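In this document, chain identifiers A, B and C correspond to the written order of the chains, with residue numbering beginning at 1 in each.
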Amino acid sequence: MRPQIKIILANFFFEYETPRQVLVRNKKVAVACRIIQMGVLAYIIGWVFMYEKGYHAIDTAIGSVFTKMKGLSFTNISGKVRIWDAADFVFPEQGASSFVVMTNFIATVGQKQDKCPELQDGKNTCKTDADCDEGKYKRHMTGRCISNTSTCEIYSWCPVEDDRQIPDPPILLTSENYTLFIKNSITFRQFNVVRSNLVESVNQSYINTCLYHPKTDPLCPIFRLGDIIKFSGFDFSEIARVGGAIGLLIDWDCNLDLNIKYCIPKYEFYGLYGTGKNDKQEKPSLGYNFRYAKYYVENEVEKRTLMKVFGVRIDIIVNGRAGKFDIIPTLTAIGSGVGIFGVATVVCDLLLLYFVPKRDFYKNMKFKHTENPEEKPSLPQSESEKDLPTE
Amino acid sequence: MRPQIKIILANFFFEYETPRQVLVRNKKVAVACRIIQMGVLAYIIGWVFMYEKGYHAIDTAIGSVFTKMKGLSFTNISGKVRIWDAADFVFPEQGASSFVVMTNFIATVGQKQDKCPELQDGKNTCKTDADCDEGKYKRHMTGRCISNTSTCEIYSWCPVEDDRQIPDPPILLTSENYTLFIKNSITFRQFNVVRSNLVESVNQSYINTCLYHPKTDPLCPIFRLGDIIKFSGFDFSEIARVGGAIGLLIDWDCNLDLNIKYCIPKYEFYGLYGTGKNDKQEKPSLGYNFRYAKYYVENEVEKRTLMKVFGVRIDIIVNGRAGKFDIIPTLTAIGSGVGIFGVATVVCDLLLLYFVPKRDFYKNMKFKHTENPEEKPSLPQSESEKDLPTE
Amino acid sequence: MRPQIKIILANFFFEYETPRQVLVRNKKVAVACRIIQMGVLAYIIGWVFMYEKGYHAIDTAIGSVFTKMKGLSFTNISGKVRIWDAADFVFPEQGASSFVVMTNFIATVGQKQDKCPELQDGKNTCKTDADCDEGKYKRHMTGRCISNTSTCEIYSWCPVEDDRQIPDPPILLTSENYTLFIKNSITFRQFNVVRSNLVESVNQSYINTCLYHPKTDPLCPIFRLGDIIKFSGFDFSEIARVGGAIGLLIDWDCNLDLNIKYCIPKYEFYGLYGTGKNDKQEKPSLGYNFRYAKYYVENEVEKRTLMKVFGVRIDIIVNGRAGKFDIIPTLTAIGSGVGIFGVATVVCDLLLLYFVPKRDFYKNMKFKHTENPEEKPSLPQSESEKDLPTE
C-alpha cells in the first residue's frame, strides 16, 4: 500500500487540474459576452469596491453625549420682574442627551391638598349635589355642587390648574438666543478608536467665539436654540408657544483608512413625532408639554407650585459608522464577484447554444457525450467512444 | 508589434472561452446530482430570496420616544385625604423613554440634619458608649449609646427612615388604571424615511377613545398600566408593592418595497432584570425602589421629605429594521449562490469518480493527462498524447 | 412534440454535465497551485470559519440598565456638621443608566429674585451709571453702578453665585468609597434569549459581599466609585474637584452554540469627552458641572438654593453581540469561499499559460479553437476540426 499512497500524493502535488475550454470564434456572441463580462467587472470594481467600499469592515459607534444650555430670560409679568437662568428652564438639569428647554408655561402657585370646585369646561356643569356622585370616574368628588362655579367639588391640589389658555406670546420669548453646547464622545470598539466632536480644528479659542452654521461653522459645537428650531423646519414663535420635539442627529461616517482627522461629525436637525401622512416624509407635529411640581412647606402645610411646561424637547441622537480595510470583506466581495462572473459565462453559453444559427456545431465542440456503459454492455468502450460526434 | 496587438485585441473581442464539458449519462449519479442542484436552487430562491429577502439592503432605525402618564390616585391615610397626580408619581417628569411610576412609598417627613439614634435592626444593639466608636465604617457616630433604643447615636438626616416594613397593600393601588401615551418617531437614514407610531389609521379621534389591546387595538398608542404589567408576566398587586422593571419594546420590521403604510409598529412587553436561571428564559425579578428627597426650608432650617419610592420602571426600547430592494445584496446573494452551485458540482463529481463501478471510464472521459514534456524530452509531443488512454 | 419533451426531460434527469479538465503534470506550477489552494482553504476554514465564526448569524442586543448608588459622606464646613446620602448626591435619583455623582459643589443659599451688583471679574468695572446701559447683552441691568463693588446692578437671583473658586480639596472626598450596583438586562431578539448580568455564579450571598475587581471578581456587579475612576485613567482627587465623565461599558460577546452560562458580561471603563489630539487615542478631559436649584418658599417669597455641582458622570453603555450557528451565513461563506477557489485556479492558469517555458504545449492541451464556421463556409466541419493542433 505504501508506494501507492506515495503515488497518489505525488499526483496530488505534481499535477493540477485546469478546465479544458473551447475558444469560440463567433463575433456576435463573443462581443456580447465580453460586454457582459466587462459590465460585471465594472460593477465589482466600480460599485462594490470603489463606491460602496466593499473591502471595508464596518463598525457602528457607541457614543455618549453631554449638553449644556446657557442663556438668560427676563420676564415682566404684571410688573413683577423675574430672571430665568438655565437652572430654571432646563429639564433635567444634569446635561442629559435628551432634555427640554422651557419656552412657555402655566404656573399654579401655592397648591395644597384640599377640596375645591372643578374647572368649568362647558361639559361638567352641575345643578344639585345629586349631579356630583362621589367617586365618579377619574375625578374624586366630595359630592357637593358648588353654586358659585356650577361645578362639583373635588379632592385635589387646590386651586385647580387653569390651562385653558396657553400664554400667547410665549413667556420666555428670548429663549431664541439660548445656546446649547454639545460634547459627544464616540467609540468604535472593533477598531479601538475613540473620538470626540471637539476635533482637531475645534480648539478652546474657537469654542469661545464660534456659533454653529451649516456652511461657515459646520464643526462648532455651540448651537443657538433659534437656529436649531429653524433648521428643523419649525417656526420659532409657534413652537415656543405650544412646544415641540426636535431630533439633533450627530452623524459620523468615518473612513479609518484615511487619517483620523478626516473623521468628523455632521449635525442634522429634524422635527419629531409627526402624525401619519400619505407621503413618505412626515410633517413634524407641534405640541410638547409636561407637568412638573416644586414642593415646599409653608406654615407646616405641604404645598407645591405646579408648572405646566411647554418647551422644545431636543433629542440628541448619535449615529456612527466607521469602515476600515479588512481582508475578510475584501475576499468575500471578490469571491462573490467571481460567482457573478460565472453567471456571465452561463448567459454567454445560453446565447451560443440556443440563439446562434450554427448552435449544433458549438454544442458538439463544447459537449462530449458518454453513453452509460452499463446500459450498453455489449459495446466495447472504444465503440461507445466512436459514437460521439466530434472527437 | 502593432499588428500583433491588433490580433490579440481581435482575439479578445471576437473569441470567448467556454468550458468543455462531458455529458455523463449515468442515471444514478445524474439523478442524485439534479436533486442536489435543485435543492441548492430551492434554497437560494426559496430561503435566501423569498424568506430571508436576500435582495434587501437593511437599515436599522434611530428613534426617539416621548411618554405621558395620566391618572389620579386618591389615598386616605389615617383620615388624611390626599390626591396624587402625574406630577407627583412620575419620575422624571419630562416624558423620557425610561421612567418610573410610583405605586408605593415610605415617606419620612421633615428630616433635618441632626443627631439621632440608629434604627434597631437586631444586630446593632449597644450597651455603653464604648460600643459606639466614633467614625465606624459607613455610619457616622457621635460616640453615644442611647439607652431608649439601645442603639448608637449617629449624625444623620433625622428622624431616620424606617423602611423595615413595606406598606401592604401598596398605597397607590389605583395606579392600575393610569394610562401611558407613547409617541415614537423613527428614522431610517439610509432610505430617507421618517415614520411615527401614530400611523395612518391612528387619527386624533381614535386616540381620544382607544386603549391598547394586542388583538383588537394593536396600534393604539395608549396603554393601561395594569395591562402593561399583566402582558409582561407580573402580578399587579405584587409589583405595585415592591416595584419592578418592565421593557416595552416597540418593534418595527418594515419592508419598504411595499407601501409605507404597511410599516407599522408592534408593541411587546417583558419583565427585566431576572437573576440567572438554568433555563434560557430568565424569570423577571421583582423589586425596584429608589430614594428621592424634596427639600424645603422651615424656620430657616433646611429640611427634606425623604421618599423611598417603590414603582414600576418602564424602559421603552425601539428596535427598528427596514429592508428595501438593492442591487448589491441581490448580486452578492446570486454570486454566493453560484458558488454553492459549484459545490454541488464538486459533490456530483465525487460521486461519479469514486462511488460508481465504472468510475475509471468516467475519469478518462473527464480528465486528459499531460505528461510533463520537460521530464520526458525524448518523446515527441504526439507520443505523450498517445499515452493517454481515451483521446 | 410529446415524445420530444420526454427525451429532453430524460436527458435532463439522466445526464449531467461536468467540466472536462486537463491534468497538468508540471511540478513547479502544480506545487505553486496546490500551495495557493491550500492557503485559500486554510483561510476559509481557519479564519472565516474558526476565528471569525463565519457560520454564525449575528444579533445585537437591546438592553436596559438600572443603577443604585450607596454611600454616605460627612462634611464639617465651619463647624456645621452635615451628612450626605444617595438622595442628596445622585442626579437623577431614579436609577438611570446615565447619572452624575456629586463630589464637589458651590452652594448659593437663599437666592431670591432681586437686584444686586454683578460679581467683579476684572473686566466689568463701572464708574458711573452710564457704564451700565440697561439691557446690555445677556445680563439684564438696571442702569445703576454700585460704588461698593464697582459693578453694575442687575436683575437676578440674588445674591449672585460666586463660582470663581472651586473648593479644594473637594467637599465630598469620601465619595471615593461610594458603591454602585448595576443591574443590566439584555435581549437577543433574533435568538429569543434574555439575559441578565446577575449570571448563575452571582447569587444573592455573593452580591452581599463582593466588590468588582477585574481579576478576582470580574462578574461582581458592585463597583467602588474610586475604582471606576482609577480604571478609567483618572486621578480621584482631580476628578472629584472639577468633575469628569466616564463610560462604563458592559460588553457581551456571546456564542450561543455553547451553554448559555458562558454568555457573561465584561465591564470596561474609559474617560469621555477628550479633545482632539493627533494620536488615535484621545485623552479624557476633566471638567463636568451643572447647575441645579432647590426651590422653596420662605415668608411667602420664592427662594432657591442654587447648587453648582461638580461630579462624576457615569454613562453605562451596553454593547451586546451574540452569534449562533445558522445555515445561511454558513452557505454564504462556503459559496464565497468556492468563488475564491475559482480565483486560485485563474492564478494557476496564468502561471501555466504565460510563465512556463512550454506554455504553448499547455495552451494546446487546455484550449480547443473553433474557427467561426460562418466565416469559412467552404470548409466542412470535419476540416475545421482538423485545423486544431492537438485533437
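Definition applied: a residue touches a chain if its C-beta (ideal position, glycine included) is under 8 Å from a C-beta of that chain, and two chains touch if they have at least 3 such contacts.
Owing to the predicted nature of the structure, the values given are computational and were not obtained by experimental measurement.
Colleague: On Cα atoms, by how many degrees is chain A rotated relative to chain C, nearest 5?
Modeller: 120
Colleague: Shared interface numbers for chain B and chain C above half of all numbers used, same, or below, different?
Modeller: Different-residue interface.
Colleague: Report the inter-centroid distance (CA atoms only) between chain B and chain C in whole Å.
Modeller: The mean C-alpha positions of chain B and chain C differ by 16 Å.
Colleague: Give me the residue numbers in chain B that touch at least two other chains, ranges are fine.
Modeller: 17, 19-27, 92, 296-297, 335-339, 342, 365, 367-368, 372, 391
Colleague: How about chain B: which of its residues touch chain A in the complex?
Modeller: Result: residues 12-27, 62, 64, 66, 68, 71-72, 74, 81-83, 85-88, 92-97, 183-185, 187, 189, 192-196, 198-204, 260-261, 294, 296-298, 303, 305, 327-328, 331-332, 334-339, 341-342, 357-358, 361-362, 365, 367-368, 372, 390-391 of chain B touch chain A.
Colleague: Please name which positions on chain C make contact with chain A in the complex.
Modeller: Listed in rising order, the residues are 14, 17, 19-27, 29-31, 33-34, 43, 47-48, 52, 91-92, 98-100, 113, 138-140, 155-157, 245, 247, 249, 251, 270, 272-278, 280-282, 288, 290-293, 295-297, 300, 302, 304, 306, 309, 313, 315, 317, 319, 333, 335-340, 342-343, 345, 348-349, 352, 365-375, 381, 385, 391.
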